[in-house]
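So that you can tell them apart, the chains are marked A, B, C and D in the order they are listed, and the count of residues begins at 1 in each.
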Amino acid sequence: MYVAVIGGQVCSPEEERIAYEVGLHLAKSGAVLVCGGLGGVMEAACKGAKEAGGVTIGILPGPFRSDANPYVDYAIATDMGQARNAIIIRTVDAVVAVGGEYGTLSEIALALKMGKRVVAISSWEIRRRGVPDDRILNADDAAAAVKMAVGQ
Amino acid sequence: MYVAVIGGQVCSPEEERIAYEVGLHLAKSGAVLVCGGLGGVMEAACKGAKEAGGVTIGILPGPFRSDANPYVDYAIATDMGQARNAIIIRTVDAVVAVGGEYGTLSEIALALKMGKRVVAISSWEIRRRGVPDDRILNADDAAAAVKMAVGQ
Amino acid sequence: MYVAVIGGQVCSPEEERIAYEVGLHLAKSGAVLVCGGLGGVMEAACKGAKEAGGVTIGILPGPFRSDANPYVDYAIATDMGQARNAIIIRTVDAVVAVGGEYGTLSEIALALKMGKRVVAISSWEIRRRGVPDDRILNADDAAAAVKMAVGQ
Amino acid sequence: MYVAVIGGQVCSPEEERIAYEVGLHLAKSGAVLVCGGLGGVMEAACKGAKEAGGVTIGILPGPFRSDANPYVDYAIATDMGQARNAIIIRTVDAVVAVGGEYGTLSEIALALKMGKRVVAISSWEIRRRGVPDDRILNADDAAAAVKMAVGQ
């Protein structure tokens, strides 16, 4: 199973801690962690996954593998800017969003469009024409989020 | 000025009427209309733009120009699936969303990330960690939406 | 009919003259000219097409429409670097190569793979395992190249 | 070091044997093998790499990880058709081409444009305006090709 961890390149210490734990639990579950390969939530999640012996893949927006954070095992240099978000989401079975800015929201939306499971911790809520959309699953902590993402 | 009209490939008669009027007003304002090139909101907007003598560009997800709706003047065949959404948003100065599904939400999010103006009619609301995000400008009708989009 | 004119961003005065004439003849034939939107062969071809009242589309590698040469009517900002070459070739029915560097060769190769007609003036020859490949049609001048490209 | 092995999805038994050996030698050198993830040369190379305990990454043109050949360790589903060729080449430090059709030629050309080392076995020769271009390094067998690719 491949699971994306998505969230801001800049994030709060609390989000960093949660992302680290999401990475840790994903690795323990045996899932491959896929992310955008940069800092913030992405780096914290990769760090957690590596601590638990997991595998991490970073799909980068720029042209250089060397832009990947130090906890990325395998870096893909797309040189495609934000279009690389679509590759991240296509590649995974489920997504865990931790906090996040508009880039994260674009990935959540693509995941819902592509029928991938989306679990969120302190992330976006969405409403269409005034009606809350409940396709985003909300989790209270990292352990619960990973359980929901990997379908246990 | 280039403005994207985004929304569902399947839409209600009301959304179709609004999209048509958005296209009409955009053409009158002199803006080039950019869209995903397919049916529903995209087709209705292109039809409106053509009726007012405007120019329409369709950036298609598939490999064939012939998939464009009949009101697209210039079709671009990307063969890149949802990654083409990023090209639509990069190319334009502003976005008008009419209704819309998750694909539309992904485009709204990319537009906000890229700092493009986003105007919505009966479309998505977004909240982050419980707090409504007011970067999406809401318009009541097509004329108002186009005024806001072209900055008049 | 959509025809791509491909070639170097830096080119010789002779290639510039030929590209200009290719653009001129394409416009007279009624074809839409598609190119990478930048300078050199691309700019000269667009200039020729505009002089003859044609329409030009520039599919740019970077994120800004403003990078297009002044003879591009409609600019698409892909922000996808060299991956935009695949969009240019997908979008057209035929390709005219004028001189050109490795980027041009990559476009010729994609066009052959996608089954698009390829006409070359002073451009690349290709041989596979020692055997010349004759799928690239060679033309002596711009008028002949355009005739071959538009299939007259 | 990341090295791409490129070549036809359909190939001769001889090319298959060579690709297998290229994979084997790449894995022994410690390089990560990157390829398009499908059959033919790609599958044979991955098989060779796995036999020698290497790591293989497949960057697929379609939307499903399950399209990867059974010797791909990590599959990336781009859903971007031929535009994924640009991602393969961006991601690697060097390329080994075994035989190959037009898709392979497009990757060789992109690699030369991006300044990556290109080693070819029974693959394409290219000539510009009648002059052979000698940027493609020719190797007689898999062991020599891998030595040249990894710069030993």
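The rule is simple: contacts are C-beta pairs under 8 Å (C-beta built on N, C-alpha and C of every residue); 3 or more make two chains touch, one makes a residue touch a chain.
Just so it is clear, the model here is predicted, and its values are computed rather than measured.
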Inset, instruction - Would you indicate which option in B-D, B-C or A-B repeats the interface seen between A-D, with over half of the contact pairs matching by residue number? - result: B-C
Legend entry - Contact-richer chain pair (by C-beta pairs counted) among A-C and C-D: C-D
Legend entry - Length of the line joining the C-alpha centres of chain A and chain C, rounded to whole Å: 40
Legend entry - Distance from the mean Cα position of chain D to that of chain C, given in whole angstrom: 28
Inset, instruction - For chain B, jot down the residues that touch at least 2 other chains. - result: 63, 79-83, 86-87, 90
Legend entry - Interfacial residue positions of chain D with respect to chain B in the complex: 63, 79-83
Inset, instruction - Sort out for me which residues of chain A touch chain B in the complex. - result: 80-83, 85-87, 89-90, 99-103, 105-110, 112-114, 122-130
Inset, instruction - Spell out the residues on chain B that touch chain C in their complex, using ranges where they run on. - result: 2, 32, 55, 57, 59, 63, 65, 74-80, 86-87, 90-91
